[in-house]
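Listed next: structures, encoded as structure tokens.
Look for chain A in each of the two complexes below; its partner is chain B in the first and chain C in the second.
After this line comes the complex of A and B, so read on.
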């Protein structure tokens, strides 16, 4: 297991390095320069060049990349070209927003999806048809429409939850949870549908395994067979899909952050891209990549713990 | 397990969980935003980042004063009734020619950096007017309509400003954002304003509770000279760029005020909360050429009038501009001189347009071009189709730079744009439409000239009548062919705050005038 962990760790570090390199090159290949952003719209080419010189943009690429790596290793993300704010401080404000949404939506999708999937696999017949049909419908609903529906019914009509805004956990845990209900519900509709289908297929396959029949033959209680042995077998694909969902939610949170007016990473990435704020853009990509890589690493380790066959090199 | 438990149990659990969650957060939508809150906090949702490039207020237009007014003070401020009142100034006077203004500054005003307000700071601020990036100084910059040629500081409390040309009301050029004064350190090194404001306003920025581009929290500075004049202990600005989310924020109680509402969300906000609006921006054609120098058809009054009669304003508003008001006259609804009869008299009438074309010698219509930057707007495309119905062909010439677009006023017969005449419509007509860039050929029209003279020279009822005559003369002589008047809508929670008051005819509200609901 130790060798497996070391291999995955090395791969994770390599992935982060590659992501930083690709982002760095994309920023340099694209149009514009930080000097032009810094100097403002009416700046002359000379003023832009002077700003670029001061920012180090005119140095050879390998020098700039080396400086960027050095900065990242010191956890120094630099300053925004637009508002001069310390990017690390900005990320510290924003990551909890996106992470809260992604984490809670993943958890809710997992709980609801596994419950429904297992229920369908165990009950079969009408229940299975209902769950699978419902999952199909849920998957076909556009997320923006679901968001509008939830806001209209649960916020505007019933006044149960806030339609916009985010409250930090440290400020008020109950209000934090309350502020996340609508975005999490929105993302859970589609997420739970995917998990339900994955769990259903996994459980059906698990319940048909030879060792399950053997357990029944030796008189193992049915609940133990279903919820311990079969569910463990079925959990590998479910955990994989949950991990992918978390990654997708973390990296693709622009929509939900916009609709619910939450100051997360997605919103930052969007505004940085629109305003050509290169340092912020690179930082968002780096932070998101690190989160994705760490999630993948944890996922691999969890799957390895659930399924020993995976640990074999 | 019985059937009830099996089928309805999960639903009950889910419903109970949701209700419990809602109960956790309290009423009013559960509190929602970090800003929502205490009675002594007002939360204002804005549809654009109020400080996208930091806290240098001079980088922004007048409209941003609804944000910067809490952090900075201005030499003069616009009141809800439209009057301009001294703020950092205690007294002022203008010389007989209105070419020199003397200001006496308020004492005891301290900036965030610890410096005191004095004439040197004011002079240093105004001397930044040569910086082309400072949008607030657009009109007082060199070469502009209200150019300042000199600023003197004869003693610590006195500032003498010299204008390049006589000004109708010199103090109006130093109002709101244009009159904001930044502290000594900030003005000496404006780069420091990227991250922190340096004002003397009644509030200071709470950096711990501020996330630029998303949320700005301002806390009251009890030491400020005017702290007693501001009601709330905290002002929170939430940036909500999605139009629907902006409306939802005020509807469901996360924001007390939401500006500016998208027209498509007005009904929703009106149904649940309240809205207030202000017009003042007229969109449509202004005939640049009345002499035929760029296109012979435009020398004919009848041909120019035909354009106005060919515009189906109701359809344009219904299809593209919900919340706007179809109009055939140049003056906005709230301006002195507005005449509802003009909209009826010069409204959509394609048959009359064809008659006028025949009368002008163009029975089959005529052709003209207008310059657009990039693609024509939806309005321009829609109007192009409407003009084609009566035989008038409008072509688009694409400009590749703003310089080329600006230069087109010399070569195009007409321009289709939004125009805000402001509180002094006669001044706009005199300075821009008759004696400015909208009349480069110097066309003369005695009817307009007479009405303009009356509007600029008279007062009271006589002035109002002259403005009405001027408005009619502009329309009846085919100098303008407006399509609609655009409105700015602000949503507010009437249970929490009073109706926001706009700064006179400006389309931004007076932050200080936002008060708790009585």
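After this line comes the complex of A and C, so read on.
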């Protein structure tokens, strides 16, 4: 068990390191330089050189990489080239936005997806066909298109929810929830579809297991077989996919953040990419990678708690 | 070692292969989803690539007088905010996402598949190194990293999609490694290597072809994801620059005009969504997933028509009396026909025969535990003073465990892997005996000791995967005893166990019969088990009982040729008898349900078959103290012949003019043994 934990931790650290290295190399392989970005479009080559010198861009690569690692270890993410703001402070404002969206969307996907998948697996026939076909379509729809569709129907036509903006939880919990309905709903369409398919396949597989017949043979009530034994068996793949979903939605929230004008991590990545704000790009990748890595570790623990085969020798 | 033919690769199905291919049409084109997927993808590809030749307007041809128009005769799909024709723009924009997604696939598979082949071939160390690196790649946040890439190298979509291909090659590698490893473990690949085929040729000839289905499924799915990424990037402003059209930016554009002209959303969105749906449907169709629900009917129990009170009841003191039992696939062939037997308290009855003879179906029908789509379609199952055939699931649930219990063939999978032994035992104990948690646990420990488990407390705390096969079977027997049943159905209870453990389990069952007055029905293809424990035996062949009687009578003096054959094929030689030079075998296989011949169902494989065996014969001829379903039973008995190792010679003429029953290529639900070798 200890070796297993050590291996997972090593992998986690390796992943973050790889993310830093890849983005660092990308920035240095690319044509532009941070000095040019900072000096602005009208700058002379001399001004750009001066900026690059001040940013340490002309030092050897390994020195720069060492400095970057040292900075990150001190949780110092540097300053934006565009507006000079402290990136760490900026991230602290942005991560809760994206995390709220991704977390709520994962929860909603889990609830809706498991309900539909289990329903399809238990009822079978036409219900299963409808759910599977519907899920196949829903998971193919582009999130940004769905988002605009929801804005049109639920916000413009029915005037139920605000079309844009994010209200922090600490300010007004009700408004926070209200501002999240549309983005979460958008991401739930695809997320629930994937979970529904996973839950359906998992439940069908579970109900076909030999031990289900053993349970029937001792007169176990049908509801107990389905909703306790089979569901427990199917929970392992479903929880794994839910974890993957959280990671995917954390990145995928960039689309809904753009549509709904929410200042999250994804939007920061988008604007930094548009303006070639290299320190912000590196920071966003590092923060997102840390989120992914931590999610994966939690997922491992959760699977171990669920599955005795993982938990016990 | 037999060397398999080298073209055996064609016969190997990787997991999701579509069931059967007929008349050359690939399987996925036989499903509506597959037809739609293939047709739409072909259409959109051709229409996009040829767009410059046929679109009615130039992509940058503006007409400000006709902005945001709805569909009309001039503009089939309407116009955009600058009055440009949507149809022309949508199809002109198609080439970029289609081609760059294809490029992504080429990169992803071009890296992932060779690495998987390499890792599968080179062994542990290489596999570890590549797998660790791929795990790191898989854990990177794809979309955010992609934005960083775009931020550095700019809006070069082909280069960006190639990098996407590089990143997802880790996922491709993971899936393909699994396939490659399972293929390489197959015998014919070993055989090919032993034959001296080089590693490249082994991969090309054997490993790659069996990967084809999985590659196709993954490629179709990833293609859809690629399209979404390209469109998404363009939506975020990282697509081709205006006036060059792109799907993503057109949707972005539409969102700005959602108040004035919501229609603008529709055409581009539908084309993009349809293309992604088409890719996913194609993937599902190739994987054969859509067919999963073809036969998906709800568990429905067809009420059996119990036959009129049987005139001959075998034993007046029988607790179980089965008469004329017929089990069939709903709207399909019969699996078991006209089976009758009875059982007295404290007796052990054996059902023997090769796999696929209907023994298990007969046994399971007694508890109503038939597979979906199979039901009792005739006859009666008289249990004590009640009729069980045709009862509702609810009533049967009350009988199961409490009156009739079951132990099954594979103890290692018969227990729920997610729950402890204690939970699995106390749960039914509490229900059956209406006791509290603590008392139930005491009873559970007591039951475990009763089935010969010494350290009951430790076993109670265990999970099924921590038990050995013999231990698991003892737990299963304890579980079957929780409801204090009067009848135990044991379906091949020792088949999956080691020989020494088999003997222990059998003596345990014998002790239960002696001490508790339990009755047992044992399903087995092992004559040793039958000889060891059964009082009576019923020999089954192709869904019917061909010989019945006491165990001693049937085994010592078999009357039906099939019973003779089973005994002749039994490798266990009784002490004091000479070891035969050749073991007898039964040629051919059990004909599957639905293709049983008229007359004697065994005739096609019988050494003693004659012309008269192939016509229906009226009634079961009585023989000795039991009955034998063979029209020649007295002739064979009088001739004093036995089933020979070689095909019988002159003394009994072989079945001249007999044709073997046509063997349909539908799978039997049990693996059919090729020779009648009895373990």
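Heads up, the rule we're going with is that the second predicted complex is superposed on the first by the 302 of 313 C-alpha atoms of A that agree within 3 Å, B and C clash if a C-alpha of one lies under 4 Å from a C-alpha of the other, contacts with A are read in each partner's own complex, and residues count from 1 in each chain.
Here is the rule we go by: a residue touches a chain if its C-beta (ideal position, glycine included) is under 8 Å from a C-beta of that chain, and two chains touch if they have at least 3 such contacts.
What you see is a predicted model, and the numbers here were worked out from it, not measured in a lab.
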Contacts of A:82 with chain B and chain C, given as first, second, both or neither: first
Partner chain(s) touched by A:107 [first = chain B, second = chain C, both, neither]: neither
Greater residue coverage of chain A in the superposed arrangement, chain B or chain C: C
Which superposed partner A:161 touches (first chain B, second chain C, both, neither): first
First, second, both or neither for A:19, with chain B first and chain C second: second
Contacts of A:171 with chain B and chain C, given as first, second, both or neither: first
Contacts of A:69 with chain B and chain C, given as first, second, both or neither: neither
Touched partner set for A:220, first chain B, second chain C, both or neither: second
Touching partner for A:30 - first (chain B), second (chain C), both, neither: second
Touched partner set for A:259, first chain B, second chain C, both or neither: both
Chain A positions touched by chain B in one structure and by chain C in the second: 148, 151, 156, 258-259
Chain C to chain A touching residues, read off their complex: 33, 132, 135-137, 139-145, 147-153, 224, 228, 231-232, 235-238, 248, 251-252, 254-255, 258-259, 262, 265, 269, 272-273, 276-277, 279-281, 284, 290, 292-293, 296-298, 367, 369, 393, 397-402, 405-406, 408, 410, 413-420, 427-428, 431-432, 463, 465-466, 476, 479-480, 482-483
Chain A residues touching chain C - in the complex, by the definition given at the top: 11-12, 14-15, 18-19, 22-23, 26-27, 29-32, 123-125, 128-129, 132, 136-137, 139-145, 148-149, 151-152, 156, 204, 209-211, 213-222, 229, 232-233, 247, 250-252, 254-255, 258-259, 265-266, 269-270, 272-274, 276-278, 281-282, 284-285, 288-289, 291-293, 296, 306-309, 312-313
Contacting residues of chain A [partner chain B, same complex]: 40-42, 80, 82-85, 90, 93-94, 115, 148, 151, 154-156, 159-168, 171-172, 174-175, 177-179, 181, 258-261, 263, 267-268, 271, 275
In the complex, chain B residues that touch chain A: 10, 18-19, 21-22, 24-36, 45, 49, 51-54, 132-133, 191, 194-195, 211-215, 238-242, 244-246, 248-249, 251-255, 268, 272
